[in-house]
Amino acid sequence: MKIVGRHDEAPGVRTMRLEFQDAADHEFFKETYRTGMFGLYGVYGEGESTFCVASPETRKDYIECTFRQSGRVTSALANADIGDLITFRGPYGNRFPIEEFHGKNLLFISGGIALPPTRSVIWSCLDQREKFGKVTIVYGARTVADLVYKHELEEWQERSDVDLVLTVDPGGESPDWKNRIGFVPTVLEEAAPSPDNCIAVICGPPIMIKFTLISLKKLGFDESNVYTTLENRMKCGLGKCGRCNVGSVYVCKEGPVFTAAEVARMPASDL
Amino acid sequence: MPMSETFEPEIIAFVCTYCTYAGADLAGTSRLKYAPNVRIIRLPCTGRISPMFILKALQKGADGVLISGCHPGDCHFTHGNYHARRRWMVFRALLDFIGIPPERVKYSWISAAEGVKFAEFINSVTEDIRKLGPFEQYSQLIEQTQAPASL
Amino acid sequence: MSIEEQYRTRAKELLSGGAVKMVIGYGKGSTSDRRRPLFISSTDEVDRLVLDDACIQNLSGYLVSEGLLSDEKRVAVFLRPEGIRAINILAAESQLDAEQIVIFGFDVIGTEVKALKGIHVEEFSDVINSIKKGAPEAKEEELFEKIEKMSPQERFSFWQEEFAKCIKCYACRQACPMCYCRRCIVDSNQPQWVNTSSHTLGNFEWNIVRAFHLSGRCVECGNCDRACPVNIPLRLINHRMAEEVLGAFDHFAGMSKTQEPVLASFKKDDSETFIL
Amino acid sequence: MTKILFSDKLDNCVERWKSAGLTVIGPVQRANISTYAAVEHAAELDLGLILTDRSIKDLFFPQSEPMLRYTIKKESIDTDECLPPSGPRIIFGARPCDSSGMAIDDPLFGWDYKDEYWFQRRNESVIVTIACTKADDFCMCTSLKMAPDSSKGSDVLLRPLAGGKGWVVEEVTDRGREAFKTITDILQESSDTAAPLAVVEKKFDLDSCVTWLQNPENFESRFWKEISMRCIGCASCTFLCPTCHCFDIQDEGDTYTGIRRKNWDSCSFALFTMHTSGHNPRSTQSARWRQRIMHKFNYFPGKFSVNSCSGCGRCSRQCPVDMGITETLQEISKLSQ
């Protein structure tokens, strides 16, 4: 795939827009891709790395992905320039059942670098805004600089049909920070969205998910109405190589999207 | 490949920037002619030359490796080359025991003033490695990595 | 009283008085000729300890398991002289505090188990000294001599055949008390110094690197050699390296807990005959 | 009357198979280890072994193999897929535990995406298994509801005659029948009967172990830490195991050209599941050992209705610290009573 656009979201975090080189591949992607699926992005000579497709199923002319430069593959991806070719294998995995969300209120909760998978769902819904009820987004990061998709955050903030709650961890605020300060679960409890007819989508580091699930329970959310995506280390994406499974669940085949009820059935200490 | 006159060995040189690299520079500015088979990699000190570098050079297909730095006592960092010397001693024994001929890895001390010694050293090493011929045992291993699994 | 009984009694005393929090020793294995590492932390388990000539494994590697010694409590461990030397090296390389280690020293001569006197590592220096003296004269294995006599090409072919078997299970590394790095060089991928694939080239690299990193540190306990599931004679390479540092730098690994690591020290008059 | 293949005729068979275009593979001693390798003559085969050190898995899922070659050019990337070497082959003298191990892994490599590397080799191989008349302390097929003469995964099963004279031939699959057609005239009808099978003592009660493993409460049991305390975290058990199938994908090469390889990987390595962030879902050795046992006797059968263990006992036989599946299941067996 060809890199047609790239920009930095936060220190070390980059978004790339990729276009298909091969029409048949693009057709296949158009047919199969649904929000929530992931892909293996690679640079030959370095390897492949798994992350979600950050662009929604309503926009399939390209793929957008956002990643933090941290390992061998992501460093190579970060070094790739506009016009360079990288590989994409996928889309793999299951999806968010967006149709089932129709007519419901939506609550998105996300932390740090985990906004991309949530963003994919957010845009899938905002691109057909009329089909959904109230949309609330709670997003937090360690510091102001670590917030990703800053332009889109501004856009969402300005939209009257989206309720955006931004927060940074204590100590991470900048002098002109006007939004909330506090950890995501705390801020969520303060915002206290109603669980009535509401679907929650949460994505974040394991520790955030753990405490946010507790908060959601307190707020009265039913586990089957809470969705999350588990992105484990993967190599094959085809249910063979054996590293992504949590208990008996192969995340690459049966996931990465799970309801909190499904997650609760998995062995907690192996998550 | 038969050992013929046409064989031009590929040699990688790891040199310290303060002495040998300056010596190479001197050889150049003095217009001394020396064999073009050597690719020089400049490092801050011989103490920085990890045996991994030597292995990597062989793994990437070098026929010989050459290592050079400041004379004992002259190290810019006072004793980097003393440490390096011990390491080479041990590494040489190891290579020998594994069957990688020690003649393929050469060591020397060349100061910034020894442009002539540098040119002569390069020439003699190139000549020696040329005589040894291509490092076929290792290239055979490298080829194996390209081949599909045998069964 | 047999040594086994003596040590059981001592273990009981140490554990009951709280002098040590754990005793690492040997227990019965899955067959009559096997012994397995045993971790005892209560006095009623002490009778499971076994000490006989089948207790071969060097247990010192367990001492550097993550978190074991971080509470500054003492741990007792059954060690042969090689194991005791390993403690010296680990202490010299700041991997543990030798004060925390209570040693149940023993040696096996023929089939007879002999107790080694002492509790702390410095008390065994006589034993280690006498091994050092014996080292150069120790009878070398036939295979070792055979390899030494080979031409480089023959040696290469010999090791090629051996390393071709390697499956990169890293049992040699995991079994070695000296391989304590939290992240081994083969696990580092930026850059990838050693190919992780177990093709022969990658296996050559791995085995050379492993041997080099153990040069002057290996105590020849044989853990790696016994652990190797494909029977690569790793002991030969280790022995060659030990011989080299002894000959070239008069370095015998694990003499004391303050001994300078051979490749982190130097002498101005070190031999350099090979340098042009 | 049964069909018999006499040992002294084996070399004729090898000749026959070779001229029929089959590569003949069997257990041999090479460089101080027993393994499977291609042979030219029957004399090279070492059929007296209880079990080879290396498993038959090597022949279907090698420790390292290229998947594709890439060349990066200015405007495009050329790739060239490397498929395994093809050609029919006959594996003579596998043990029932090894052969059944291959059948156990078939559903894994076949679910959803069909692994060509595995199935090309599977489809081109005839496995001739020899039932066991000898066993050692580590053999445990009977504990896994198998037997020294299980024919699972075999195309032909041979039962040894007393005195090593030959084998009673039992053709199991069409592929086996096909391969043995080439030697029909070498086989002889005889009333000889097979020697008694090896007696493999039952070491644990599998059903009660599985019930214990399936109970979510036992996931956090102290047992896991205790049983795996001496585990040093190497991969010799997983790599020698005929059914362990985890792998890694690695690129070797530079920015211009190189090879993408598939290498064995092991759940006992800490790095296996480690995220780049440093978070590791299976962060302790006990969690990793638990995963291995759970995967073999709980998760895998849950998905594919078969235990991912054929009872060869290599894990225990080769373990540097004398651990293994046998001991763990024996202990679980005790706990579940």
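Order of writing sets the labels: A, B, C and D. Residues in every chain begin at 1.
Everything below uses one rule, namely that a residue touches a chain if its C-beta (ideal position, glycine included) is under 8 Å from a C-beta of that chain, and two chains touch if they have at least 3 such contacts.
Quantities reported herein were computed from a predicted structural model and do not represent experimental measurements.
Asker: Hey, which pair has more contacts between C-betas, B-C or B-D?
Answerer: Most C-beta pairs in contact, of the two: B-C.
Asker: Using mean C-alpha positions as chain centres, tell me how far chain B is from chain C in Å, no decimals.
Answerer: Result: the chain centres lie 33 Å from each other.
Asker: Quick check: how many Å separate the C-alpha centres of chain B and chain D?
Answerer: 45
Asker: Using CA atom averages as chain centres, what separation in Å is found between chain A and chain B?
Answerer: Roughly 50 Å, centre to centre.
Asker: Using mean CA coordinates as chain centres, what's the gap between chain A and chain D in Å?
Answerer: Comparing mean C-alpha positions, chain D is 40 Å from chain A.
Asker: Indicate the residues of chain A shared as contacts by at least two other chains.
Answerer: 71
Asker: Can you list the chain C residues in contact with two or more other chains?
Answerer: As it turns out, chain C has residues touching two or more other chains at 195, 197, 199, 202.
Asker: Among the residues of chain D, which are close enough to touch at least two other chains?
Answerer: 64, 248, 250, 252 - these are the residues of chain D that touch more than one other chain.
Asker: Which pairs of chains touch each other in this structure?
Answerer: A-C, A-D, B-C, B-D, C-D
Asker: Help me check something: in the complex, which residues belonging to chain D touch chain B?
Answerer: Checking each residue of chain D against chain B gives 23, 25, 37-38, 58-59, 62, 64-66, 69, 82-85, 89, 252, 259.
Asker: What residues on chain C touch chain A, complex-wise?
Answerer: 189-190, 192
Asker: Could you list, by residue number, the parts of chain D that touch chain A in their complex?
Answerer: 70, 72, 76-77, 108-109, 111-113, 115, 216, 219-220, 245-251, 253-255, 258, 260, 265, 267, 272-277, 279, 281-282, 287, 291, 294-295, 298-299, 302-303
Asker: Please output the residues of chain B touching chain C within their complex, sorted ascending.
Answerer: Checking each residue of chain B against chain C gives 51-52, 55-56, 59, 72-73, 79, 82-83, 85-102, 106-109, 121, 137-138, 141-142, 144-145.
Asker: Please give the residue numbers of chain A that touch chain D in the complex, ascending.
Answerer: 21, 44-48, 68, 70-71, 74, 85, 87, 205-206, 232-233, 235-236, 238-248, 253, 267, 269-271
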